Amino acid sequence: MDRITVGQAINLALHDAMQFDSSVIMLGEDVADPEGGGVMGVTRNLSTTFGDNRVRSTPIAEQAIIGAGVGAALAGLRPVTEIMLMNFTTVAMDMIVNHAAKLRYMSGGQTGVPLTIRTMTGAGAGTAGQHSDYLEAWFAHVAGMKVVTFSTPADAYSLLLGAIFDNDPVLFIENITDYGTSGPAPERGKVARLGEAKVIADGKDVTLISYGAIMKTVLKARQALAKEGIDAQVIDLRTIAPFDAQTLIDNVSKTGRAVIIHEAVTEFGVGAEIAALLSERLHGKLKAPVRRIGSNFSAVPFSKVLEQAYVPSAGSIQEVVKSLMG
Amino acid sequence: MPFTNRFDSATLVEIYRRMFLIKHNDDMVHAAAKAGRLNLIYYSPRGQEVIPSALSVHLNDEDYICTIYRGVHDQLAKGLPARLIWAEYAGRATGSCKGKGGPMHITYPEGGVMVTTGVVGSSMPIAVGLGLSSQVNGNQRVTVANFGDGASNIGAFHESMNLAAVWKLPVIFMCQNNRFAEHSRFEKFTGGGSVSKRAEGYGMVGVTVDGNDPEAVWNAARDAVARARAGEGPTLIEANTFRFQGHLLGDPGDYIPADEMAAARANDPVDKVRQKLLDEGHIDEAALQTLEDAVRQEIREAEEFALSSPWPELDELSTDVFDTVSEPLSSIPVSA
Amino acid sequence: MDRITVGQAINLALHDAMQFDSSVIMLGEDVADPEGGGVMGVTRNLSTTFGDNRVRSTPIAEQAIIGAGVGAALAGLRPVTEIMLMNFTTVAMDMIVNHAAKLRYMSGGQTGVPLTIRTMTGAGAGTAGQHSDYLEAWFAHVAGMKVVTFSTPADAYSLLLGAIFDNDPVLFIENITDYGTSGPAPERGKVARLGEAKVIADGKDVTLISYGAIMKTVLKARQALAKEGIDAQVIDLRTIAPFDAQTLIDNVSKTGRAVIIHEAVTEFGVGAEIAALLSERLHGKLKAPVRRIGSNFSAVPFSKVLEQAYVPSAGSIQEVVKSLMG
Amino acid sequence: MPFTNRFDSATLVEIYRRMFLIKHNDDMVHAAAKAGRLNLIYYSPRGQEVIPSALSVHLNDEDYICTIYRGVHDQLAKGLPARLIWAEYAGRATGSCKGKGGPMHITYPEGGVMVTTGVVGSSMPIAVGLGLSSQVNGNQRVTVANFGDGASNIGAFHESMNLAAVWKLPVIFMCQNNRFAEHSRFEKFTGGGSVSKRAEGYGMVGVTVDGNDPEAVWNAARDAVARARAGEGPTLIEANTFRFQGHLLGDPGDYIPADEMAAARANDPVDKVRQKLLDEGHIDEAALQTLEDAVRQEIREAEEFALSSPWPELDELSTDVFDTVSEPLSSIPVSA
């Protein structure tokens, strides 16, 4: 297998983690095979391979799903829970924020919660207002939570392993339109270190900082810019929180320009933290203001024409970059 | 409300009309989707036609409903014009929500369709609030919260039942138990194996009915509506039925045992009620066909209306985020 | 009455709103008089004055409280709901974010949710990890939500009226240690316009931007700075979302320096959005980097020594300001 | 577990010892707070001593409990050393949580006190997860979720009950019904007026006991523990008792009718059980006093230990946010 899809990579990571470590268990709505191995089929065959005891479909009860994950994690297991869509994390925020993220600190380090929460989201599938939001900024704002996402199948694999074997709670974000995306297969067994960004394309004129499935759009914009003689560097954050500030600072200090792109709405998004940090640390050294590009400040609209206009486009990235080059 | 008094021929014919509207609308949505004229996330209500049809004949325009993504049957039965639904499905500016809400968020306050939600369980707390408004305002409006069997295991169910019971709110909790929640069988995930039995735990009336039997649903709904209007509090109805399709358009529903599906489809409530109408002489075939043709015409026009309507303007993207029309108050009178 | 406490101001605003408009109702745990008129006594006498029908104590059920508020608001009432502590908004996030904030948009403007959610929070009372967080950045990140807070009793009064009579959902944040703070009485019946920041102290060297109860600390720092010859301007945001960008830009462009102070943790907080915005809009015009000061990136610790070190102090503000003056 | 077999003298004496420990600890916390030696948010468990005392004699160190802000009785009964509690209350580095958690977040995994939560309802979902770990690991550990009557109306209760029932988890849901939730009377806010009755709705065993009767609680707990260890699933116990204080230190509790409070206090379970021990000859006065003196000594030492302990260092502010000690894996073995 030299190529693999995102869906396959996630399935493989779950498989390899469960095979290696019997303390890895899975909980979520419809994740087991009698219920189809996940509504997107991503967890298929895992309950058949590892048994009903370790891979469990749950009732529709997100508080109980995460609560069960927190409790099992306190008892030494490494639960991988699934919240079907990111908007449904709203149901479980108490368990995630007041408990999973804080128990290590509040117990003075006596307990810890090695919990992974997989969730999917994203505009583009016509699921509209209540099924498409990117809310990663919320979790990044909570001390004790880690937030991870990926832009290639290989990273999906190794970052998911990194999340599962991390000793703290990790929100792992997948994109609903992305499971079929294919790319080079990962090195089997390789566990990514969380907290490391990666320069995935080099360039000297501007640094484009992004993460997740929208990276495809960013790379498209980079190509188009290249045709116009603008050489853009691209950094994939990979871990959104805590993020790799040093890599960003080092690289932006070279290019002198930075644009942060994410699918979450711009206002109060992850881009704000990065822009604030870069602007502060590189004050007086930047050739242009740090810019942010996110989705429109509204719920995700249904109508195709609006949904397309809602998310950042390659064109909008190009325009912003060009406006910085003067 | 001409149909609420007696379960007579007129009532049953009207229930059938609503059922046929739901079924035919569903058939046409499937056809349009298959042909590529519609491109949408769609949750078929086929098999569940009786429930909203037999319930809604007890309701007025002013009564409220909250429903879920699988809610087009509830919307149609409540009187939401098909053309607004179709235009919304097509993402057009003429849709019930100007194309911005989409299939999972159809709204029509004019006819009492206050919320369509995509979040499991969430129709219930909001219905409690609508019921609260009736009590605060001292009016007779009834609110129906529609939800599925799977929603009976989420926290919002519990909080809503308890609050409605404690305040004796005029709310009807209508659990449409179609035996599946996405790919999950009801029995496997529901402790106790009954939704309506849980009502006891809140000191609330709970009843189980055959959700494919118009008279049974009509009776249960009549009692629940009467209880609500009399200020005697909420009712939990569990109406048992069966989902005729996968969870959503495109899901083949392999996890549904073939024999169960075959048995359910062999008892298609739309066919059954039609046959009953004829067998019992409530209406004759010619009149039935006239009624059905009118429905077909309505849906044909709805589709034409939808597909010939304009797309929303791009400036719709940022309107309706906040109310930017009303002028805010700058002061209010106070008495010292 | 020429002076009034914050607690009295809030009570008075609720009273005046309910007296003026019979569609204003109140819902929350223990808010009615048989249950003591609120655990802090803030809603005392309102159920006695306006009746049990309009002022209702609820079970402990935050989803139902907000859900009831949303439903009642859809039906034309103006519910003022109370979530006792901000950390418990986690229980009701689905109702707030997926419903209250979005129903106007998703219905294409057919419905709206004129709901007020009062909540309190803050370190300093020894309530530790699960009762003290400032989470306003979450709500600010959600299109359709407004977020309001105050730093004087008079503003508490008029901003609460502004929130109640606004046609969209407003989160209204109170500080647990602040109810006894007194100040000049408000002009009765005056309704503040949401979205307007206020310059509460002028100065030419640096702009301190803040909101809420921590303003006391900011003003203390300003005084101390004055003694060292540094003339700080102070802006009270008053509405956190959507915030008054123009007033900030206009003023910071005069002073050339900005520090944003809030009690929420710095990382991914409200300060990030403001710093990103100011840095971008005033690129090349600032005399120093925009700085942010927030609480320590951790849960709120219990031990007094740690709790005190957790929140921003006047001293830390002074130091940061001085470091910008070089 | 020397006390689980029979409800004999030794068992009752041990239950009383734990009760006295709880009462005396509470008296001394009040005294220290009044004198200004402690400065804390504190939720007295007075009146509820029997429940954890009669339950915990059935538990091992390896068994888990989750409790709530009003949980010091549960913690002490489970064997959490008083000195660690006192040092935590005093905010010292030697506290059970190094002073970082405080009274509402006391943790002692060594003795099975896994979570103390300040969020109503939240002890339950986490207890479900602890119970799940026993089932996954195939061990005999039992988990007790303590919670109050007020918590029975929140969504987390419902989701937890259902999931524990569906999976037959070894969890005991112990509702300590002290008739008040902050200032709210149980009856006014709880539809149906019974917590344990709600168990039926989940197909779970639910029992109501007099929470001030050691034998009744002991019996119910024995059955629940046996059921859990036998893999027969969860139990919901509603133990009725009464809160002797305001909701928290400083709350005068005016909203509690004086006659009810007087009646409850006249039946102080600690006095009652002490008298019973003597009346029935389970132990003599001298031995009782020896036992009580040992408790007094323990608490005295706990207070001294706490107040003479150092404050946490400031660098504690940012430790324990994440695990920074363990070296992350860089690869795992895989078989092709």
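To keep things simple, chains are lettered A, B, C and D as they appear, and every chain counts its residues starting from 1.
Operating definition for what follows: a contact is a pair of C-beta atoms (placed from the backbone, for glycine too) under 8 Å apart; a residue touches a chain by one contact, two chains touch by 3 or more.
All values reported here derive from a predicted model rather than from experimental measurement.
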item	value
More contacts between chains, B-C or A-B	B-C
Chain separated most widely from chain A, comparing mean CA positions	D
Inter-chain centre distance, chain A versus chain B - centres from mean C-alpha coordinates, in Å	36
Euclidean distance of C-alpha centroids - chain A vs chain C, Å	30
Whole-Å gap between the CA centroids of chain B and chain C	39
Length of the line joining the C-alpha centres of chain B and chain D, rounded to whole Å	45
Residues of chain D engaged with two or more neighbouring chains	95, 97, 99-101, 105, 117, 119, 153-156, 159, 162-163, 166, 188-190, 320-321
Multi-chain contact residues (two or more partners), chain C	58-59, 61-63, 87-88, 90-91, 94, 98, 105-106, 128-130, 143-144, 297-299, 301
Complex contact set, residues of chain B against chain D	153-159, 161-163, 165-166, 188-194, 197-198, 200-204
Contact footprint of chain C on chain D as seen in their complex	39-41, 88, 91-92, 95, 97, 99-105, 117-121, 150-151, 153-156, 181-184, 188-190, 247, 254-255, 311-312, 314, 316-318, 320-321
In the complex, chain C residues that touch chain D	29-30, 34-36, 39, 57-63, 87-88, 90-91, 125-131, 296-299, 301-306, 309-310
Chain C residues touching chain B - in the complex, by the definition given at the top	16-17, 19-21, 25, 53-54, 56, 58-59, 61-64, 66-77, 79, 94-95, 98-99, 103-112, 143-144, 146, 161-162, 165-168, 188-191, 193-194, 242
Chain C-touching residues of chain B, taken from the complex the two chains share	64, 66, 95-102, 105, 107-109, 114-115, 117, 119, 122, 124-137, 143, 155-156, 159-160, 162-163, 166-167, 319-323, 326, 328-336
